[in-house]
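Before any comments, here is the structure.
Every chain is named by a letter (A, B, C and D) in the order it is written, and numbering of its residues begins at 1.
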Amino acid sequence: MKKFTTRIRARYCETDAAQVIYYGSFMHYFEVGKMEMYRELGIPYRADIPILETYCRYPSPAFFDDLLEIHTWFDDIRSKGFKIRSEVYRVVKEHDLVLVGEGYTTHIYVNEDRVPTLLPDHYVQVFDRIGATREDGKR
Amino acid sequence: MKKFTTRIRARYCETDAAQVIYYGSFMHYFEVGKMEMYRELGIPYRADIPILETYCRYPSPAFFDDLLEIHTWFDDIRSKGFKIRSEVYRVVKEHDLVLVGEGYTTHIYVNEDRVPTLLPDHYVQVFDRIGATREDGKR
Amino acid sequence: MKKFTTRIRARYCETDAAQVIYYGSFMHYFEVGKMEMYRELGIPYRADIPILETYCRYPSPAFFDDLLEIHTWFDDIRSKGFKIRSEVYRVVKEHDLVLVGEGYTTHIYVNEDRVPTLLPDHYVQVFDRIGATREDGKR
Amino acid sequence: MKKFTTRIRARYCETDAAQVIYYGSFMHYFEVGKMEMYRELGIPYRADIPILETYCRYPSPAFFDDLLEIHTWFDDIRSKGFKIRSEVYRVVKEHDLVLVGEGYTTHIYVNEDRVPTLLPDHYVQVFDRIGATREDGKR
């Protein structure tokens, strides 16, 4: 699956009293990666769909003012939802990346009664375009 | 002017790499104080009006897990807006309070074109009830 | 396993543009529950140990100014770490709770070289006191 | 005084239930601007000094995914501290900027007893280099 990459700096407001990046800040980094992926794929952010679950693992700490590289890709695509997987690396120097967080958000498309429903067409078209495999067969 | 008081604990997510409470967290404490004041006065939170400016001064640091006491009151009431003033104290022990943040938010009532407009009646009624003095004469 | 309960109000700063509580805010609620559990058990917060992973599921939305009840307990206790499980409920009215978030944080005790190490004694004593079962046998 | 400029995207986690950028997020934007100014001037971030007060005014709302341009400069430089002024603009299109937040943070250098003290040399050297005028005469 095609991966999308973007870079940001770790902000002071994202640190905590252990003098590392607060673990909750990684959800924000995942979002930055997702938005840049959506922008590159031409998916309007207003087409965004609810988050059902979030998971993150922290193999190593990150620090204030670190240059971070975020890798983002679609995974586990089904007719009514998908996962977005993310990895966050510290760029220690060019080509020397240390994994500091990895995880996913699970997205499910729902109608106005919050019943899971088939994904809108613009998602299906994007998945076709990037050659994404559906886990549960074609829509 | 009548002051309203509430207490909370400083959260881990509110700390920063200097191992103190992040200065930006005080805006959140001001909000907690405001909401408790609104609740006590019976002002519906949906009646809340836009914030035009914020100010905070930090005389002394606060720390993770501190018990904090927030004092909140209306000030500088005018026909189209008002300030909400806040003080945040560390409760070192009962009756031993140390000021750690103080400031205000300025609120202006606007119509749908964002033009400043007279405050809605429920504010005026509340100000009358708590004997608040209008800075610019009666409405 | 003994569950610990505390209540807070959802804050304005915790909302997002979907007009619900931002999913990332649940990590903050989990922390509040943990700190109140630690306080009740007499575990000093300085004894806190690193977070290895976080997970949260969102069965239903929560809203600004909701009264939230947080349930917190130890789970999956091992010689070098444990999980803290959390549930967050909206208190619609007394005895009418709606689950809005549930998940866990996984904690691993490490030495200064970040190698996993046996839990400090004050954890073991607390687990004995509350009758917690170790998943991997006695220490 | 020389102004420094940087651009970021408004993040989803920075929105609030009014479907605009939460006013507290502007402190984070000010910090991003400050860090990029420090980087460009070669001031090590570890040389950073405490914040005494913060102020922000919100002339107009900003929105999720807006491209924001931050202008940052030193002001009101004194022997023991200074202000950092910031303006945040929405880039509606290239050369069409709308001011959405402006304000300052006041920084005071203190010794370990928290007594205000002369600024460290690297600040003085930077102020000399960028031709900054001291408000209270030469150090």
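Quick note on the criterion: a contact is a pair of C-beta atoms (placed from the backbone, for glycine too) under 8 Å apart; a residue touches a chain by one contact, two chains touch by 3 or more.
All of these numbers come straight from a predicted model, not from anything done at the bench.
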Set of chains adjacent to chain A and to chain D: B, C
Longest centre-to-centre distance from chain D, chain (CA-based): C
Pair joined by the larger number of C-beta contacts - A-B, A-C: A-C
Intercentroid distance (Cα basis), chain C paired with chain A, Å: 24
Length of the line joining the C-alpha centres of chain A and chain B, rounded to whole Å: 36
Two or more partner chains touched - positions in chain C: 12-13, 24, 27-28, 64
Chain B residues within the chain C interface of the complex: 9, 11-13, 27-28, 31-32, 35, 45, 64-65
Sites on chain D touched by chain B in the complex: 18, 23-24, 27-28, 50-58, 103
Footprint of chain B on chain A - complex, ascending: 12-13, 15-17, 19-20, 22, 24, 64
